[in-house]
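Dropping the structures in below, format is C-alpha cells.
The following pair of complexes shares a single chain, subunit A, combined with subunit B in the former and subunit C in the latter.
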Partner chain A sequence: MTVKWIGKRMMMGIIVLFIVSFLSFFIMHAAPGDPAAAFYGGNAQTLNAAEKERISRVFSLDRPVIAQYGTWLAETMKGNLGVSYKEGRPVSTILMERLPNTLLLFGVTLFFIIIGSIWLGTTAGMKAGSLWDKGLSTASIVTSSIPAFWLGILFISFFAVKLGFLPSSGTGDIGGEGGFTDKLRYLLMPATVIVLTHVGIYARFLQESIKAESRNYYVTVARANGVAEQVIRKGILRNASIPYLNYIGMTIPSFVGGSIIVESLFSWSGLGQLTVKAVVTKDFPLLMGGILLTGLIVVLSLFVIDLITYSLNPRLRKGDVR
Partner chain B sequence: MLSVRQLSIDIEGKPIVRNSSFSVPLGKITSIIGESGSGKSMTVSALLGILPPGAKATGQALFYDKNLLTVSDKEMMEIRRTHLFTIFQDAANSFNPSVKMRHQLFEFSGRKSGDTNEEFRLKMEGILDDLGLAPEIMEQYPFELSGGMLQRCMIACALYMKPGLLIADEPTSALDMVLQKEFIGLLKRLNEQHGTTILLITHDLDIVAEVAHDMVVMRHGEVIETGSVTEVFDCPKHPYTKLLLDSRF
Partner chain C sequence: MKSRKALTFWCTILGIIVVMTIFAGFLSSYEPNDMNLDEVYTSPGESHLLGTDHLGRDVFSRLLEGGKVTLTVASISVLVSLVIGVLYGGISGYVGGIVDTVMMRFLEALITIPSLIIILAFQAFMQGGMWSMALIIGVTGWLVTARIVRSEFIRLKDAEFVKMAIMFGTPMWRIIFGHMLRNSIPAIFVVTLFNFAGAIFIEVSLSFLGIGVPPAIPSWGNMLYYAQNDILIGAWWIGVFPGIMIFITILAINFIGEALKDPERRRLDA
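And then the complex of A and B:
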C-alpha cells in the first residue's frame, strides 16, 4: 500500500516536471526578442543579418521549436543539460555552483518559518479569545501585506547603509577566507526578510486550524470525561497540523517564486538570481536548467510534505474516503 | 446523589433554562425528557462545566457535597476524571479520528484509574468481549467502526470506570431500533448489576418507560414535572405531560 502510494507520487512528480519543462520551453520561444541579439547585449545594433543567421544556425535556433524541444528533452534524459550560450560552460556545472546557496537560503528560511509559525500559531490557537489570539490575527495581516522587496530595501538602507554592520549584497566577501560565519553575515538579511514576510500568515493558518479543531465534538467529549488536557492538546495538534502541512505544500511554489525576488535584490547568487539573469540574456539552456532544478526542489519538498501528511493521517493510509 | 436547585442558564443575556430543580437519587435511573430546545442538553453542559463561551449558569448543583456550578476548574477536572462518565449523542464523532481506539479507550478509562497498559488490555478485552466486540477493534481507527460499535465502546469505558454517576445525553438518537434496544439493555444492566446511578437525557418516552425509575419533564427551559415514572405515567399533573403521554399511543 505504502510502496504503491510512494510510486504513484513519484510518477506524478515526474509528470509535473515534464509539463513544466514543456510549457516553459514554448513560452520562452514565444517571447519577443532574438537570442542572437540578446547574445550581443548592448552591441546588438552592430549585428548584421548574416551574423544573426550564423548564430541561429550554430545554436540550432532555425529548427522548429518542437524539434528543438525534442532534442533538449532527449539530451536532458541522458543527463546532459547542454552548454550555456553566454558562459560557454556546461549548464550542470553552473547550476551546481548555485544550488548550495539556494538550498541554504531555502532551508534556513523554511526552517525558521515552520518553527516560528508552529510556536506562534499553537500559542495563539490554544488560547482562543486571548490577547495572543487577537494579536496574531492582526500581526499576520500586517506582516504578510509587506512586500518582501520593499522590506529588503528598507533593511539595506538601515543595516547596510546607515549602520553599516551588514553587507548589502552578495554571498560572501570577495576573495575572503571568511568561511561559514562570513556566509552567515550575508545570509542574515535576505533570510530575515523572507521569514518576517511569511511567518505571520503560516502561523495564522495554524492558529485557525487549531481553533477549528478545538471546536470538534470529540474534544468536548474528551474534556467532559476528564481526559488529561495534554492528551487532548496532542490530539488537536496532530489533526490541525494536517491542513497546515497541506497549506505549506500548496504555497511552496509561490514561496520559491518570492525568494527569486529576494535573491535578486540581495544579489544572493542562487538559482533565482541565475534564472532572472538567464531570462534577460535569453540564455535558453541555462534558463531551462534553472527552471527544471527549481521545479525539482518544489516537487521534492511537496513529496516530503505528502509523506509527513500520509504518516499523520490514518485515513490516507487506509485508503478510506468517508 | 445529585441535587439541582434553582438552576438558570443564560447565553449572552438570553435565558435558556430558568429556575430548574430536580434530584437524581443514588442507584436509580433518572430521566430528563423534553422536546429539542427544552434546555435538557444545556442542563447537562452546565453540570459538566462545558457550557459554550458566553453562557452563564447560576443556582446550585450539589454532587458529593460540592456545587458543580462554582467549583474551581481543577476540582471540576478531578470530578470528571473520577466520579462522572458521560456518553454523548453522536458516538461516531466522539473519538479523535486519527488515533487508534486502544489509545483513546485507555485515556477514557485505564489512565484515569491509574492502571498499567497490560492491566488495561486484559480488563478492557474482557469488557469488549462481553459487549460483543472483537478485541481487534483496539487496533482500529474510529472511522473503521460503525456508530453502534463506537457507542458500545463508550459503554465499555463506563463499565470499566464504574462511575458514581453516569450521564447519557441522548445516547440512542443516532442508533437504529435494534441498537437502541440493545443499548437500553446495557444501561439497565449497568444499573442493576453495578448499582450505577444514571442520568438519562432523552426525548423518547418509550425509553423512559422501559428503564427509568424517576423522570423530570422539561419544556421551554423549565422543569414542569418531576416524580417517579409510575406516578407520572398514571396521573400526570401538567397539561404538557398529559399531551406528551397521549401522543405516545
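And then the complex of A and C:
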C-alpha cells in the first residue's frame, strides 16, 4: 500500500516538473525577436541573411520546436543547463552557488513559522471565545495584509539606516571571514520579515481546525467518560494537524513566490534574487534554470509534507487512497 | 450584528479609496508626472501634502494616480481569471467523470507552480504596458476560482431543485446559468474578492522589482521601487504612504471577505 501511495505521489511530482519544464522552454521559445540576432546584441544589424542562417544552423535553431525541446530536456536531465548569457559560466554552477542561501532562508523561515503558528494556534484554539482566540483572528488578517517587502523597507529604514546595527542587504561582509555568525546577522532581517507576515495566517488556520475538531462528538464522549484532558488535547491536536499540514502544502508555492521578492529586496544572494536578475537582464538560460530549480524545490517540499501527512493519518495508511 | 457593522465599516473604507483614485484628477493640485527640480525631496508640508520625490513630483497626486493604475490592473486581471475559472470549473463540475478527473489532476499540477514564477518568465520578454500585465496576472490566477466553481457545481448537481428542473425538461443552458451558476455566486464572489487582493499583491510586488508596470506610469508598486533608495537618505514619506495605501486596501478586502465568508460557513455547518 505504502509503495503504491508513494509511487502515485511521485508520479504527480514528475508531471508537475514536466509542465514546469515545458512552460519554461516554450515561454523562452515564444520570446519575440530572433535568438541569433539577440545573441549578437547591439551588432545584430550588421549581420546579413546568410550569416543569420549560419548562426541558426550552428545553434540548431532551424530544427522543429519539439525536437529542440527534446534535446533541451535530455541535456537538462544530464545536468547541463547551458551557459549564462551574461556571466559566461555554466548555469548549473551558478545555481549551485545560490542554492544553499535559498535553502537556508527557506528552512529557517519555515521552521519558525511552523513552531510559531503551532504555539499560537494551539493556545488560541484550545480556549475558544477567549481574548487570545479573538485577538489572533484579527491579528492574523492584519499581518497577512502587510506586503512583506514593504515591511522590509520599513525595517531597513529603521534598523539599518536609523539605528545602524543591522546590515541593510547582502549575504555577508565583503571583507569578512564569512563565518556563521556573520551570515546570521544578514539573515536576521529577511527572515524576520517573512516570519512576521506569514506566521499569523498559518496560526489562524490551525486555530480554526482545532476549534472545528473540538466540536466533534468524540470529544464530548471522551470528556463525559472522564478521559484525562491531556489525552483529549493530544487527540484533537493530532487530528487537527492533518488539515494544517495540507494547508502548508497548498501555500508553499505562494510562500516561495513571496520569498523571491524579499530576497531581491535584501539582495540575499539566493535563487529568487538570481531569477529576478535574470528577468531584468534577459538572461534566458539562467532564467530557465532558476525556474526549474524553484519548481524542483517546491515539488520536493510538497513530497516531504505528503510523507508526514501519510505517517500521521491512519486513514491513508489503511488503504483509503484517493 | 457585530460582523455586519464591521462589514459596513470596511466597505466604506474601500469605497473611499476607490472613489478617491477614480477622481484623482480633481483631488490633486499637481499633475502626477510634473517634475519640479527646485523642490526635490520636500518633506510633507503645506505646499505638498505628502511631500515630493526625487524628481520633485507630488507624492499625493502620484498616490491617487498610482492607485488608479494598481486597482485597474487588479480589476481586469480578476475579471479575466473569473471568466477562465468559471468556464474551467463549470465544465469540470458539470460534465464529471473522466473529464473531471483529468481536468482536476491538471489543475492540481498547475497549482503547485508558484504563479509568480510564471509571471516572471512572461515578463522577461513581454515587458509591455499595464494591459499585458493585467492579462498575465489574470491568466495565472484562475485556479482557485475553478476549484470553487467545480465543487459548487458538483454540490448543486445533486440539489433537489436542479433535479426537479431536469425533470421538468428545462433547457440545459438555463439549468447551468439560471440555477447552478446563479446559486454559486456567493461562493464565487468571496473567492474573487480574495483574488483581487492577491492581484494587487502581485502587481505591487512586480512593479516593486522593476519588472511590472512600466516606470513612466505611476503605480503603488512603482513608487515603492524608487522608495528603496530614497529611504536610505531619509526620505521616508516616499515609501511609507504607498505602503499604507496598499496595506489598508488589502486589509479592507480581507475583512470584507472574512465577514462574507462567515455566514456561508455557518450555513454549511447547520
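We take it that the second predicted complex is superposed on the first by the 279 of 322 C-alpha atoms of A that agree within 3 Å, B and C clash if a C-alpha of one lies under 4 Å from a C-alpha of the other, contacts with A are read in each partner's own complex, and residues count from 1 in each chain.
Assume contacts are C-beta pairs under 8 Å (C-beta built on N, C-alpha and C of every residue); 3 or more make two chains touch, one makes a residue touch a chain.
Here the structure is a predicted model, which means the values were calculated and not measured.
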item: Superposition on subunit A - do subunit B and subunit C clash or fit; value: fit
item: Partner chain in contact with A:N216 - subunit B first, subunit C second, else both or neither; value: first
item: Touched partner set for A:L271, first subunit B, second subunit C, both or neither; value: neither
item: Larger contact residue set on subunit A - subunit B or subunit C; value: C
item: Which of subunit B and subunit C A:L196 touches, first, second, both or neither; value: neither
item: Touching partner for A:A124 - first (subunit B), second (subunit C), both, neither; value: neither
item: Which superposed partner A:L312 touches (first subunit B, second subunit C, both, neither); value: first
item: First, second, both or neither for A:G226, with subunit B first and subunit C second; value: first
item: Smallest separation in angstrom, by C-alpha atoms, between subunit B and subunit C in the superposition; value: 15
item: Partner subunit A, residues of subunit C touching it in the complex; value: 105, 108-118, 120-125, 197, 201, 204-205, 208-211, 224, 227-228, 231-232, 234, 236, 239-240, 243, 246-247, 250-251, 254-255, 258
item: Partner subunit A, residues of subunit B touching it in the complex; value: 48, 50, 53, 77-82, 84-86, 88, 90, 93-100, 107-108, 111-112, 141, 143-144, 157
item: Complex contact set, residues of subunit A against subunit B; value: 129, 216-218, 220-229, 231, 235, 238-239, 312-315, 318, 320, 322
item: Partner subunit C, residues of subunit A touching it in the complex; value: 12, 15-16, 19-20, 23-24, 27-28, 30-33, 141-142, 144-147, 149-150, 153-154, 156-157, 161, 168, 250, 252-254, 256-258, 260-261, 264-265, 275-276, 278-280, 282, 284, 287, 291, 294-295, 298-299, 302
